[in-house]
Amino acid sequence: MLSLGCDVGTMFTKTVVMDNGNVIAHDITRNNGTLKELVEASIHSAVSRAGLSLDDIKVRGGTGMGDKYIRIEHANQGIIKSLARGSFWALAGARTVVDLGGLSTTIISLNGAGKVIEYRTSDKCASGSGFFLELAAQALELTVEEMGETVVPPEECAHMSTQCAVFCESEIVSHINDGIEVKSIVGGINYSLGSGIATMINRLGAIPAILITGGVAKSRGVVCALEKHLGVEVVKSVPADHQLIAAVGAALCARDVQQS
Amino acid sequence: MIFAGCDVGSLTGEAVILEDDLILSSEIIRVRPRPEQTAREVTEKALGKIGKTLADIDYCVSTGYGREKIPFARSSISEISCHGRGAQWACPEVRTIIDIGGQDCKVIRVDKYGYMMDFVMNDKCAAGTGRFLESMAKVLGVGLEDLAPLSLCSKGRVAITKTCTVLSQIEVMYMISDGIERSDIAAGINYAMAERISKLVRRVGVKEGVAITGGVAKNFAVVNAISDVMGIKFVSLGEVDPQIVGALGSALFARERWQKAQQREAGPTGGKAAKSVRT
Amino acid sequence: MAEYSDRKDRTVTTWWQITADLAKYILSQDINHLDDWGGKEVVRDILPEVFQKNFDMIQTDLINCILEEKNKETAQNFVNNIGSYVDEMHKGLDAGNKVCYHYFIHSIEPMLALDIVPICFEVLSGLTAALYTDGCEEGIDAIEGEGYPDHLCSSNKGAAGFLLKGYLPKPDMFLKGANPCDASNRIYEWAAHKCKVPLLTTETPYYFNERAHRFMIGETRRLVANLEKIAGKKIDEGRLREYVEYGNEAVDYIVKIQELKKMVPCPDTGWHRPADTIFMCQIGTPHGAKYFRDLYGIVKKRADKGEGVVPEGKKERRLAWGYTWECFDLPFFNWLENEHGAIYTEDTLSYFPADVGKVDTTNMETMIEGLAWRSMQMPMARQTMSFSDVWINDFVHICKAFKVDALILGGHMACKHYWALNKLMSDKVKEKAGIPTLRFEFDMMDKRFTSPAELKRIMNDFFATF
Amino acid sequence: MTALEELKSLPERDKNPYIAKWKETGGRIVGYTCHYAPAEIIHAAGIFPYRMEARGCSETGLADVYYHRFNCTYSRCLLQEGLSGKYDFLDGLCFLNGCEQIRRMYEVWDKHISATDYQYMVTLPHSIYDAGFEWYLDEIMRFSEKIRSDFAPRLTAEDLARSIDIYNESKRLVADLYELRKADKVPIKGSDALRIVLAAGIMRRERFNTLLKDALNEIRKADGISDYKARVMVGGSELDNPQLFEMIEDLGAVIVTDTLCSGSRSFQDLAATPKNGNAVEAIARSYYFSNPCPRMMGHFEQRLAYTEKIAKEANVDGIILQKIVFCDNHAVDSTMLADELEPKGIPVLNLDRDHMLSDTGRLRTRIEAFIERISRR
């Protein structure tokens, strides 16, 4: 059975096309310009990559901050529900989901059947988000990917004292001025991000298996730092791009709704 | 005598070259990765305009974030004192200066000699700073300098409620997606900026003769909005570019310090060096 | 049509007065939504001129919310009470009586008996935030503009700003109990200093035992003596008894309403819950007693019929609010009922433990003792006075007794207490009551922090997981 | 190492040797969190009273599981130190309801830090008046009974009187230190003076007194600093790290006095020599009626007068009132103080900071500008 899921986040719009529980095509588009059109374009491109037309897909679900821009049935599946559903699809044994998104971090605790027990979303602050990483990368004149590939032992990390995304920039600049190596600064940023995420997980309890999703999950540096702070390993590989999990969840939720 | 003032901020660097009481030349550039690089480049550019080099400078004072890292500056002074001094030189009636920099907004009160009496700065975040406007312009997809003209076409400004610069960016992103006119958003941004700044200004208490300096002073929409919100009129700085006021102030301090040094060399007069400001 | 004062120092209370009359007028029409009358613009034009400006200030959603059939009766009660509250206050001001701005946890009976006009400082912020689109933001901005930090509580900031702007009657004294928090203590300190009037204080002991009660009795006596000194007369036992009896009646009904809310389905609507708290500052007045008496009647009627308040076919979900409500968007609670079938059981600011009991009116001594005990049990005073176990255990109890499905841990930005025990509370509730909790940040009286739209999104996401 | 060096270096040393030495001999250590805690009673019971601090704490990841970004960074750092085991050496803890951020830590400590399960709460009223004093006295009596029954059954009135003498001696010596700093040629940097005062909280006072006596002699002989740009007083929130003082002095000012609870305020009021053996009352009185913390209600005038007096006595050019963000008490108090002092011609800088002193570039600009403002006359 074919299904489609679309997740309009704060920074990216993600669409997946699924066939019998497998992702057969996807699209990730940065949110630039008018979301209504952008979402349509994203859905269109995913569908055409699958070699299909939208009419072929009867099951369609949407989720995310901008779900109101998704002009399909079942467009508002709720981000928590979608993430939980997608994570259970990605790893049936997942008990803790850590979604590292563009503007917020979400921790979900699941029971053995994949049902949400409780969850926490990050506070109203961009610290530790994908957005934060982008600002930091800009200040360092690196790409987010380059930052993600930098893994530095804690003792070599520069100390980052501010968690504010805006002031982080000025701290980076002053570190550069003080002649601190870019590598240690990146390490310091990853280290403090990892610490913040670990704290959030500990508020709910770090019950394994811990699955990480979302764009920031692709940053090896952040994930390594997170594991160090948490003292537990997290599950890093999933059967689809980390960023797509909520979109997959939306597709599956829509299927659940339609089947019931 | 040639005096130089050099202001290395978080977004731009400025230099002013002064001969006695006359501005010979000035320059503004975008910051380079290192403050000394910014300082050298901007000062050399300013000197180049009048066919001079760093060697011709008799005394240079640096200011701004990178002030302590400028090798050719003989001493450094905080940008707060410099803005006060520079603005008061440009317009002697000035008693309050609102300086809106890249990541700071300061309100400075000065006495009739241009000496700083009191100041406040935004403390916690970048709301109400140049950085705020810049990020907003980026989201709107326009240049920083286009925000003001764009807002003129507004038919009804929107309210930007978030204080945090990052969260405001998201708010604006969704406004654009909702199809709200960019001009209305631009007007909202300018107004939000003005409101945040006004909060700070109230803390110092507005005196007569308010001037506005820094890059944002060139955004007439923000300036008008502050006038509106606070019910005040700004005095003009004449021909002085509001963005170079900090550098101008540091050049003036350079002159003062040079004079003091001269007096010391001239012989032990006892007592303190005279505080001559304007000749 | 009534004459309204145009005195600047009655700006806020006159807003309320006009709003009350305006709401009575609208409620008397046979409509359930402003659209039934042709929409907001049309309605504005057919309103008497004296109402138009005020109509522009009021939240449109609030008008539509109170026009809903299930809310009409409670709305009538709500606006009647605002009307009498302001009338009484203005009468006292006109008579030249002394004015006391007091914190919401205080018993006002002694003030009433001494002809002092009690004005609850926090109500000035709260009710204004509840009624108007711009809430108490003007006040908040005014006080922050003076250099006072934004991390103070908006319930104090709003009123303090109004005071600064000259929108409120001149105070003769401020009264502040030492609890719940430093932030409120400091604002009262500032206000008394600014207005150059005395700051009366009462201490709250840390414990709930005989020793603490004895101490509290001493504090109440001290307070009465201080009030007497400023009022320039001795308190009359008969008059005090009269007000204490009104107070007893109000508390009695509050506890009774609370009991009814344990029923499934819940017979009480949620939109007026913040207002109930706001009106608790009227405990001791005739109109305060009337408000809770009439509210009890409305709820009881529904309870007797076994009716609930969620739309037909919706499953009732029972929420408790571990901190308290927001009041910048009362229709939000109505939306929760209609959209998610979520009803409002209890929160920190309205929960009375059943053992508050009545104040014994036998004589002066017994009344002082009773008032002392009650002031230790007032919502929020009770929870913040002692070790956090009191607060946490109250919620374990609430979650069980009210058959709560989920505890909302929406934390008020300024409340350092709450953020410090948030995790302890969620752990304990999960352990003892086995229900999930939802945590987020908001400011209870400033919608700019977390907007109504954001609140709804948070709730949508939450209920999607059920 | 001279006595002065010993005192100066103690607060920032990785390991406090006095703790280890005391522990070796089987001594007990009880920590306290607030200026209003009756340290003399702990001392008299033969216990080492340890003023808790969170110096050097640079992250709050463990604490933030329980606390939140709207709690002040001092409370979060202190909790972090507890959770990370730094205070495992304590045998007990005396909490006070000083401010709610510290007060609420009681329960988190109780439930999640098992190493110190001996905890006590002393409660302090929020205004200074007779009935309030009786409550506080009662609390202190109960505390001393508890200490007696649990740790020192033979605790006598003489023990208490002796401890009062020792603590009074510290206060006199610290007063001497502050007196010396009033001179035109300031004989010791403010940051070093702060280090000495901080050392008093983390060692037994007998030793402290001996060292300070010697150190004062060294200080008296010093040339003194005279090339400073301005004389500054520091007030505001709890400050247990000399770093901020260092920064201010690096920028050319010299700090000559303070109104900090971690500084001079803890050494202001001598406890009276007990009459009729009621030593506990003498102790309670000295704390309760001391110059109030801004958490006390209705005593702003007194704090204002005190601030002004201290500033004038030390002939300062300006006052820096630093506050930790989210500290409600000092945030309001400092703003009120500035509103009163500025018109009297005393310049005031209100400075927001975090406990762990982040964002130093912006702080420096503020401080430097303030020094430029006050230094020219």
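Order of writing sets the chain letters: A, B, C and D. Residues in each chain are counted from 1.
Simple rule for what comes next: a contact is a pair of C-beta atoms (placed from the backbone, for glycine too) under 8 Å apart; a residue touches a chain by one contact, two chains touch by 3 or more.
Because the structure is a prediction, the values reported are computed rather than measured.
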Partition of the remaining chains by touching, absent chain D: one piece
Most distant chain from chain C by Cα centroid: B
Maximum inter-chain contact count - chain pair: C-D
Between chain D and chain A, distance of the C-alpha-averaged centres to the nearest whole Å: 45
Chain B and chain D, separation of their C-alpha mean positions in angstrom: 40
Multi-chain contact residues (two or more partners), chain A: 65, 123-125, 167, 170, 174, 203
In chain D, residues with contacts to at least two other chains: 65, 68, 325, 350, 361-362
Touching two or more other chains - residue numbers and ranges from chain C: 146-147, 423, 441
Pairwise touch network: line, ring, star, complete, or other: complete
Parts of chain D lying in touch with chain B, wherever the complex brings them together: 325, 342, 347, 350, 352, 361-362, 365-366, 368-369, 372-373, 376
Chain C-facing residues of chain A, complex: 65, 76-81, 84, 116-121, 123-124, 203
Complex interface listing, chain C residues touching chain A: 423, 430, 436-437, 439-441, 449-450, 457-458, 460-465
Residues on chain A engaged by chain D in the complex (per definition of touch): 123, 125, 159, 161-162, 167, 170-171, 174, 192, 195-196, 198-199, 202-203, 229
Residue numbers on chain C that touch chain D, as the complex places them: 146-149, 151-152, 176, 178, 181-183, 185-190, 192-193, 199, 201, 203, 205-206, 211, 215, 218-219, 222, 384, 387-389, 411, 413-417, 419-424, 441
